[in-house]
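Everything on this sheet refers to the single structure shown next.
Letters are used for the chains, namely A, B, C, D, E and F, taken in the order the chains are written, and counting of residues starts over at 1 for each.
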Amino acid sequence: MDSGATAWMLTSCALVLFMTPGLAFFYGGMVRSKNVLGMLMKNYVAMGIVTITWVLVGASLAFSGAVEIGGYNVIGNFDLWGLRELGMSNDHFGLPYPDNVQMMFQLMFAIITPALISGAIAERMKFTTWAVFVAIWSIIVYAPMAHWVWGGGFIADQVGAFDFAGGLVVHINAGAAALALLLVLGKRTGWRQQAIRPHSLPLTILGAGMLWFGWFGFNAGSAFNADEFAGNAFLTTQIAAAVAATVWILAEQVMHGKPTTLGFVSGAVAGLVAITPAAGFVGPLGAMAIGAASGLICFSALRLKFMFNFDDSLDVIAVHLVGGIIGALLTGLLAEELYSGGLFVAGIEQFGRQALSVVIAFAFSFGMTFILAKVLDMTMGLRVTVVEEQSGLDLSLHEEQSYVMAE
Amino acid sequence: MDSGATAWMLTSCALVLFMTPGLAFFYGGMVRSKNVLGMLMKNYVAMGIVTITWVLVGASLAFSGAVEIGGYNVIGNFDLWGLRELGMSNDHFGLPYPDNVQMMFQLMFAIITPALISGAIAERMKFTTWAVFVAIWSIIVYAPMAHWVWGGGFIADQVGAFDFAGGLVVHINAGAAALALLLVLGKRTGWRQQAIRPHSLPLTILGAGMLWFGWFGFNAGSAFNADEFAGNAFLTTQIAAAVAATVWILAEQVMHGKPTTLGFVSGAVAGLVAITPAAGFVGPLGAMAIGAASGLICFSALRLKFMFNFDDSLDVIAVHLVGGIIGALLTGLLAEELYSGGLFVAGIEQFGRQALSVVIAFAFSFGMTFILAKVLDMTMGLRVTVVEEQSGLDLSLHEEQSYVMAE
Amino acid sequence: MDSGATAWMLTSCALVLFMTPGLAFFYGGMVRSKNVLGMLMKNYVAMGIVTITWVLVGASLAFSGAVEIGGYNVIGNFDLWGLRELGMSNDHFGLPYPDNVQMMFQLMFAIITPALISGAIAERMKFTTWAVFVAIWSIIVYAPMAHWVWGGGFIADQVGAFDFAGGLVVHINAGAAALALLLVLGKRTGWRQQAIRPHSLPLTILGAGMLWFGWFGFNAGSAFNADEFAGNAFLTTQIAAAVAATVWILAEQVMHGKPTTLGFVSGAVAGLVAITPAAGFVGPLGAMAIGAASGLICFSALRLKFMFNFDDSLDVIAVHLVGGIIGALLTGLLAEELYSGGLFVAGIEQFGRQALSVVIAFAFSFGMTFILAKVLDMTMGLRVTVVEEQSGLDLSLHEEQSYVMAE
Amino acid sequence: MKLVIAYIAPFKLDEVRDALKGAGVTGLTAINAQGFGRQSGHTETYRGAEYEVDMVPKVRIEVLVDDTLAPTVISTIETTARTGSIGDGKIAVLAVEDVIRIRTGERGRDAI
Amino acid sequence: MKLVIAYIAPFKLDEVRDALKGAGVTGLTAINAQGFGRQSGHTETYRGAEYEVDMVPKVRIEVLVDDTLAPTVISTIETTARTGSIGDGKIAVLAVEDVIRIRTGERGRDAI
Amino acid sequence: MKLVIAYIAPFKLDEVRDALKGAGVTGLTAINAQGFGRQSGHTETYRGAEYEVDMVPKVRIEVLVDDTLAPTVISTIETTARTGSIGDGKIAVLAVEDVIRIRTGERGRDAI
């Protein structure tokens, strides 16, 4: 084992964990003040629940063994349950750092993925149902997807798609699930009739800063070492975020006449999403291309919800689903041997593989989540009542007030 | 020296430093808006004052030499004053990284410990007296305690207790001191008569996120290396925090009918506290047990202040004292050879040692702090006047306003 | 290459990037609530724009090749444009970590330097002009200065001045530019007539915490390794910040009767600035001296703007220009062989070199920025209209509201 | 002229404002407020400390109107702010002696 | 009917509200305000820039009452909000022409 | 006695307060408000969702004055708050039946 690699991976674990509070504030600032605690809670609780499901079974299902169906490796087994058998070595993964660090790193990804979904269902979903949703989803949707792409499963193996740090597993997965869940959940009362404005852009901007910072752990940590590949993933991450943010406000300037702070940070996140699957495979100029593409396309994709009339409250589709797809596809076109360590060759064939993996990931996540959402809706109920929605989730779900300026 | 170990320890130093701002906001959000700056300041100032006292004398008293009284090594000497003699090697500590990094790491612990106390005396203590208190306390209470447990002193040596990352030195120490100080200080005007509600839970939740993030440096840094022990401490830290947070909101759901965001983050902190002494000695399932125990017991311990009628404003006793004790004791029962690197064997004997160390730490910290508080009360005065308390500490102590929304 | 060094440098890159959001909030809290988004945006946008200019040409101009004028190495060439030629090795810089990491680290410095300037022009500068200013300034002012000091240029080589982590390149550079820009821009409407108070000190204090945290990457990262020199730079950074913050509030206590939270964090930043050029060359006691000097002198320098009647809104001159000069000069007097690794000898001769480098840096940055500001003023216009200023930049530049507490 | 004050539920503000606009009102001023009334409060529990909070967030709107428009304003608010549940709020009508438009110095009805 | 307006110290709000409740008041509305008055302000110093701030945080409460209850309301506020030091605040009494309960459409005394 | 209410632009508050002080006013209370009026609002665009926001931030000030001082108060506000552009705001004057100083129990003119 290598202490330098271990040092960087420990740091990366901490950085990725920090993204979930970052995301909470990114989202929390965008909702109305009566719903901010409800929003923060839906994110933070993922740090509680997913840690438990992951340690107990998720990690094992994703990263231990292989159950094959028709020759396709579709899921792991329960051998690693409770992480008991992990021990203190690096035998399981054979990486230059201990297995427990790798499991921790993967846990942080498993936490933030369902948290990402919460943006789509803002301001109207029950907390208890959300908690149950997150627990089940992390086992039946996230763990298989992680297994297919990173755990030796068929997407890596048979489809031959590459996903450096989670374009499929994290962003497309979360985006597809968000779409399914919001369709079952329905729109917020007053959507498109009332002005539903962000109550605190400073919180959103703070959260975006935390996300950007943590994302270096996400992407450069996914090199699984402290070396030039990590360095390159770090660099491409920074470039894509910067270019997408800049392109986004340029687009705003052209389309609406004013660049906005929300636009800048939204663009940054779009760029970060899109570079995620590609970070370790492309170079600085490839990262620029991905940044520019995601800035423009995600910005345009904001219109989808108005065109198709679904209330994706904080634009999980436009940013994570669309951004994830852009990244997954462009990885197939822009990857360079030098940067990917000779892992694979970009080209039309690889593009096809990437596209196929996108379809599979979308279909699986959307389908499973839709069923889960329907079941939960019929059993526990997904939505708060209209009166609860009007009083705000902070009071009705948590009986707390976000800001008490009385004294 | 090992550059990987050095890299991780430098990172850990930064992470632990970041916990003090985190704590400041965790606490700052919980006070009324007229006292938020007063609260933030009581925490931040520890970063100023303790750095000075530590570099000048604290570090030396804790980690250099040994003064014995009756065969017990009770305090260090002044040889390292000003850290001049530390030089640029690792000769002093013999760790795989430079001595200056180790001193820095220990400094960050010395800073946050008195900062923790500030939660108990919120909204009524004078700033100048607090500053003097922190300076003296860091020398006469913190440095000896650190010496006994980590500096070769008698708690490690003769009592044979283990404290991985500061159950005794940090949490029980701060908790006992908080109790002593608040007893001398008295209750807030209007306590239990007026509604004294958190003025900004988003700030508290943000602070909790920063704490959780920084705690990885605290605990996994206490492995003093970038290796599997650090990895395990990281993993157990995450698990305990997650389980305790989840258990806490379940308890709330049962007892009050609603889970709260303040409950979730309080539970997380309780779990982080309780795992601190154990992080490097237990495994994932041990961490679950510690998390569950601390979530439940600390939650129940909230009632103590109402039963015994003391105003522990932000629950330092229930979270840090009680949480620290849970962790210290359970370390004696749940430590496993595999995870502790064969350092010690759990069992009833070790449990006894742990219990004895808890009693000593509590008695020393409570006694010393009580005397110090009495002396300061008689000389400088501990409390602001009632009028100052009513106008709020921001204006009366600092002549600043926290939020100016005029324009 | 060394994985430990790489791990620490990757971490440092992330930490330094995090300083820009930190700075944004440090500044953002100090402006009136109608201008907070405008302020945050002026900082964040630097993360977008400078990344692009740096990757395209800035990095190359600063760190590739040498163009000599009259025997003085004054600028690099374009060989590294787009960072294509950087590859995946460490051949270019010959450091113990990959070249792409070094370029990333330097990029983070290039981002925060123009962001620092934004404090001087708060609450009245156009966004579009600012964006153009940042783009051009990063190429024609920052890149040459970086080249002279760190890229093999004449300040290091012929003048023989030392600048550990950016006293000249970052702080004096930003401070001199701030002075030039604010002189061209003019004062805020109502300055010294109306009460212009910080709208949210908690945000400022949060930002200061983020800055303090990130600064460890800035300074200890500038050791370019994970070793005892990094450890020492870390230690001196902490000490200087702590001492300066403490001295500042002592000065306030003496001069105004009350210590303030804004004072504490301002002092901390002043200390961090002043130790920047010295961090790797002085020891703990030298750091104390620098901290004390910067705390006192920067505090006194606040009066300059009232004496000379210029509106340096958030005190970039008093903190960064003055603090940078203190650090640059004291480096010449307090550096010790032990800590600087025998790099140079402090003394009156070195002091002279440092002083000369200060003069050159100030003159170049002030002159170039003044011309650039004049040109932009005549072409695009620097200032918003009085009506826009009165409505606030959030609405007039970005058509967004910072806090919407309606619901 | 009258000053019509209304305490309404915050989520009704947009609707009420639009309705008043439709009814010919040319201006109003809104303020965030905390109301206590028949609407039962709720219990907030912060770390085991229970507080009966009987102040709920309300918006207080204030409309200066000409006497003739006052009844319309009142009925418009009544109709749009009503949900039928306790807490819908109240309207109060006060006499105004004079109104001045700062910009022009106009007085009385013309100033509204 | 009367509208009783009072500017009081923020830390007195709970006490005043409870006392008014005890005195039979069934509703009130409170608003955060900044007051300037005889109470001397204070100096705030931000990085050497001194500002004389003569606005202090106050709470403005507003109670609609029936004429007969008005004297009780006034004296209750007077008693509970008084500390005896400058800045205790003021009470103003205005005549109200009509009150309407939005929920029911009740008018006048019944609406309060 | 009168209650003079004025809705003004926030950046005018300091100036108006100082002018009123100069004119002999011994107290006032200010509140942050949102105003809708002739001043055209603006469009805010959040991620492509455009909202016509016709509420602009205003400050609402309230001055209790003796009848004789009322005209001065009004003209002082008029003069200092005027910029000449739409949105300068309005002043309303209401009759006050009684004023009480909480600290002393003084009533009427003496209480102001």
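Rule of thumb we're sticking to: a contact is a pair of C-beta atoms (placed from the backbone, for glycine too) under 8 Å apart; a residue touches a chain by one contact, two chains touch by 3 or more.
Just so you know, these numbers come straight off a predicted model, no measurement behind them.
Enquirer: Would you pick out the chains that touch chain A and also touch chain B?
Expert: Of all the chains present, those in contact with both chain A and chain B are C, D, E, F.
Enquirer: For the interfaces A-D and C-E, which has the higher count of C-beta pairs in contact?
Expert: Higher contact count goes to C-E.
Enquirer: Counting shared numbers against all numbers at the contact of chain E and chain F, is it over half, same, or under half, different?
Expert: different
Enquirer: Can you spot which of C-F, C-E or B-F is a repeat of the A-D interface, where more than half the contact pairs line up?
Expert: Repeat of the A-D interface: C-F.
Enquirer: Centroid of chain C to centroid of chain D, CA atoms only: how many Å?
Expert: Inter-chain centre distance comes to 50 Å.
Enquirer: Measuring centre to centre with CA averages, how many angstrom lie between chain D and chain E?
Expert: The computed centroid separation for chain D versus chain E comes out at 17 Å.
Enquirer: Averaging only over C-alpha atoms, locate the centres of chain A and chain C and give their separation in whole Å.
Expert: The mean C-alpha positions of chain A and chain C differ by 33 Å.
Enquirer: Send over the residues of chain B in touch with two or more other chains.
Expert: In chain B, the residues touching two or more other chains are 2-5, 7-8, 11, 34, 195, 197-198, 200, 206, 226, 256, 258, 260, 262, 399-401, 403, 405-407.
Enquirer: Which parts of chain F, given as residue numbers and ranges, touch two or more other chains?
Expert: 10-11, 31-32, 34, 43-46, 53, 85, 94-95
Enquirer: What pattern do the touching chains form: line, ring, star, complete or other?
Expert: complete
Enquirer: Mind listing the chain C positions that touch chain A in their complex?
Expert: 1-8, 10-11, 13-14, 17-18, 20-22, 24-25, 28, 36-37, 40-41, 44-45, 47-52, 55, 82-84, 86-90, 97-101, 103-104, 107, 127-128, 200, 203, 206, 226, 397-407
Enquirer: Can you check the complex and tell me which residues of chain F touch chain D?
Expert: Those residues of chain F that touch chain D are 2, 5-8, 31-38, 54-55, 58, 60, 74, 77-78, 81-95.
Enquirer: Which positions of chain D touch chain C when the two form their complex?
Expert: 10-11, 13, 32, 59
Enquirer: Applying the document's contact rule, which stretches of chain A touch chain E when the two form their complex?
Expert: Touch residues, chain A against chain E: 405-407.
Enquirer: Considering only the defined contacts, which chain D positions touch chain F in the complex?
Expert: Its residues touching chain F are 1, 3, 17, 21, 26-31, 62, 64, 94-103, 105, 111-112.
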